[in-house]
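What follows are several structures.
Both complexes below contain chain A, partnered by chain B and then by chain C.
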Partner chain A sequence: MTNTNKNLRFTKSHEWVNTDVSPMTIGITDHAQHLLGDIVFIELPKLHTHVEAGQEIGVLESVKAAADYYAPVSGTITEINEVVLSQPELINQDPYHTGWICKITPDQSASTDSLLSEESYQHHIAE
Partner chain B sequence: MAFIPHTQDDIDAMLKSIGINELEQIFDEIPASIPVAKLDSIPASMNEQELLIHANLLAKKNKAATCFMGAGSYDHHIPAAIWDIATRGEFLTSYTPYQAEVSQGTLQVLYEFQSMLSELFGLDVANASLYDGATALAEAILMARRIQKNHQGKSVLIPHMLHPHYKHVLETVLFEQHIQFIEMPFNTEMGITDHLKLNQLNIDNIFAVCMVQPNFLGLLEDVNTITNWAAENQIISIACVNPSSLGLLCPPGQWGQHGVDIACAEGQPFGVPMSSGGPFLGFICCKKQHVRQMPGRIVGKTVDTEQKPGFVLTLQAREQHIRRGKATSNICTNQGLNVVAATLYMSMLGPQGLEQLSSACYQNTHFLAQELAKIPGVKIKYHGHYFHEVIIQFENHFDQLINFFDKTNILPGLILEHYLPEQKNCLLICATEKRTFEEIEQYLKCVKQALLENYNVAQTCQLGV
Partner chain C sequence: MSSIKFTSLYPEHEALHAKFVEFYGWKMPLHYGSAIAEHLAVRQHAGLFDVSHMTIVDMIGAGGRHFLRRLLTRDVDEIKHPGGACYSCMCNDQGGVIDDVLIYYRQPDNYRLIFNAATKTRVLEWLNTHSKGYSIGFQIRHDLSMIAIQGPEAIQKVMSIVSPYQMDVLSTLKRFNSIEEQQIFFSRTGYTGEDGLEIILPAQHAIEMWQKLIQAGVQPCGLAARDSLRLEAGLMLNGQDMDEHISPLECGLDWTISWKPHDREFIGKPSLIQQQQENQYPRLVGLALDAQAILRHDQTVTAFGQSVGHITSGIFSPLLKKSIAFARIDADAQTKPLNVEIRGKLYPVETHSTRFYSLNKK
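For the complex of A and B:
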């Protein structure tokens, strides 16, 4: 994996989340974008909605597939990356930076314990 | 494309390769507890000659009649060229157009169809058609449900005067989706939705509103007010229109301040014969922002590797063969031949022809209604605006009138009481552009004779077809 940041945590459903910042930035992994192929459309979550960890928050559509993506933590959607609406290819080209998807302000009670470290995620996708 | 059946050798080889001896063994995994339908009531097969005799006997039951009946299926002139072209082998036998490299003709027709429909309805996108108007309305409601997936409500507003057949279809299609129908307040005096009472509704539970234009009584609804009301309350607006009226009436994309979200229609009036009720075709259009929730096939224009223009099915990530359980389209087909007919119909009429068609329908029905209203005991029941269908109420001798028409070769209209028990002694009458002045005169003569004179004179009222 390239371009990764050691601060990131991962889900088994291939989202990454930066737990070091608040609100937490969220995107999909390089592995996920690679599996999907050229992304042509993204449906972003609605601003200010409350989501639970594991809840479907949007849809990605590529030339060969469509896939849902999920909230890594419980919280409120406080920012969305409107740039990827018109340039969904950024998610392919730069999934960890300009291709971010949304930001979630976690609940007080939100837990990040079940999120994977980079090493565990690499292990997961190698399986 | 060759379709070569399997030989016994092929079948044996395939069975051997999966390790079984009999074809039936493939079905062994179906549990025996699943009930098996009894086919006893299906008659024995017929050979070709027997079938032709049988079909001819059935066909002879049809009476040729001068049709003043509408109520969802309309008797319009169909230019001879339409079915001459639509039944060419290239259209008649072409299979589903997923393989773009061998389907450019079909795909281009579908693309032209979508383009014309979008223009006619004043909306951004149309699909390649659905089964009929009623299922198109059901699909429009399902589409609204998907658009409003974060909405808590489970109810959709429908007009009281939605076609009763459409209500049945909605119940059938949407019953398992746990969508509830709430009828909008109805103004019994005017025969239309009472839009002034809309604000009394509890809107928390409502995710969409359907409008029909004209309604089942033929009357024009105040669709601008309802569309604006829906937009103000974040409710998805759905229009169901008669396409023949769009030469005169405002397209759904221009209703209210911002137009409706979704529009649908029964496409039969555009080049498809009434033929005892089908097959028809459904139109559906929407604003571009909703296109990913649209069901059915959508054809797009693109370029090939040599930069030459071509057509393909597009936005397929909505469809069930890609998205499986989360598909937003579970209809992987369209009404191919009727689409060809409707496309040819629109191209032959053009905008000006459509305007003339709408005007002729309007004028014929209004002339007939006004002349009928001059007969004592006959009146136009509602005072609102109507397009090409109207409710005529007969004070006396209604049964006598119907018996009289039974002996003529005129279909006088729909006996409304059969569908709406409170509507006594009323006919829903339609005179399209196809009805001649002579036919309308004949209709009036029959009514006068049936009501005013001794009713045993039906033979004097025969009308050549």
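For the complex of A and C:
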């Protein structure tokens, strides 16, 4: 895995979330972009909408397949990365930095306990 | 249980960190990083494909011509000279496509046929059943590998790495012709819509040829790019766009049927004549979508809320930067406004010729 940092947490559905910043930045993992192949379209979540952890928030279309992605935490979408709309290849090339997808301001009550550490995520995808 | 098969070039694909896919029992490269970059390399420069999974059948014997005139929708007599080639369908008695095949006329008693990997067992069984009584023998050439070099710079790249004798014969090789020189079979054919070569050579020499072409700057390409290139160029894929229940008329391959001379009786002909006369058969059309979604195999095509057919093949076209597809739709739906259902939502699509890209129109 390239360019990760230890602040990231992961979901079993292959999203990453930086829980150390507020709002929390969200993207899909390097493993996920590898599985999908070249990503050609992305549907971003709507700004200011409230989402629950595990809720589908958008769709990625790659040359190979369409895939939903999900909110890792409950909260409000407060920023979206409009650059990836015109350059979806950034999600392939740089999934942890310029290929980020959106930012969520978590609810007061939002829990991050069920998110995986990098080590657990690596273990999960190796299974 | 059948075990996975590997081509002679498998170690090369591994060394290039290919992402693999299982394709009808073969472990084949899907891409080497980016299918889109590979696709564009073929359109702009040159790309290299391992197609050794395809079935090469040499048909030797005096009865070859008679047998092929009976077996195929295309009349092999249309190939006038040794070295010529033609593309045909091989149908069953109902006119369904068992396979599409490229036929090389090498000598009056020697034809080389290239079938798909997907249909191998069925094809060989069909050949054995129907060749009884003709004086011919078959040789399945497992000892040969096949690589395709495609793109505007393809021939020039090959000429830069072959022997002076081979360079000489390649300099005069015409489109859709083949030539053999020093154990290597060169054919100016392909499956991408570009100019280029398909090279058939002893498996033990394939790696050397592959490595030289990579060193010459030819982009290795996987099956994903092969699929998007052939779809842009309006070329059909057996198992996707047709199968044994689909006739050449229903998959846009009516042009592979030689209706003349009238006295040639080929397998499936009566059914095809009937279908043509009734003129009610479903049509294969091209579709283009101007939306952030991708047309894919098996999606439903509708007109005025009614299902009128299905997508047979769909891709994101790296050249047109939108999704394009082939769809088989009811004969009377061709002029109607069409929609495609993608993930529960209807998207309007434009009908288009199946040839989205043509070298001649460039």
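The rule we apply is simple: the second predicted complex is superposed on the first by the 127 of 127 C-alpha atoms of A that agree within 3 Å, B and C clash if a C-alpha of one lies under 4 Å from a C-alpha of the other, contacts with A are read in each partner's own complex, and residues count from 1 in each chain.
As a convention for this text, a contact is a pair of C-beta atoms (placed from the backbone, for glycine too) under 8 Å apart; a residue touches a chain by one contact, two chains touch by 3 or more.
Treat the numbers as computed from the prediction; the structure is a model and nothing was measured.
Within the superposed three-chain model, A:Asp20 lies out of touch with both chain B and chain C [touch as defined at top]. Contact with chain B, but none with chain C, is seen for A:Lys46 once the two complexes are overlaid on the shared chain. Look at A:Asn92: by the touch rule set out above, it reaches chain C but stays clear of chain B.
When the two structures are aligned on the shared chain, A:Gly37 is found in touch with chain C, with no touch to chain B.
By the document's definition of touching, both partners, chain B and chain C, reach A:Ala66.
Set against each other, chain B and chain C differ in how many residues of chain A they touch, and the higher count belongs to C. Counting contacts by the rule stated earlier, residues 41, 43, 61, 66 of chain A appear in both its interface with chain B and its interface with chain C.
Within the complex formed with chain A, the chain B residues making contact are 150, 292, 317-318, 322-323, 326.
Of all the residues in chain C, the ones that touch chain A in their complex are 19, 30-31, 34-36, 224, 228, 292-294, 296, 315-316, 343.
By the touch criterion stated above, chain A contacts chain C in their complex at residues 34, 37-38, 40-43, 59, 61, 63-64, 66, 89, 92.
Taken together, the chain A residues at the contact with chain B in this complex read 41, 43, 46, 49, 61-62, 65-66, 68.
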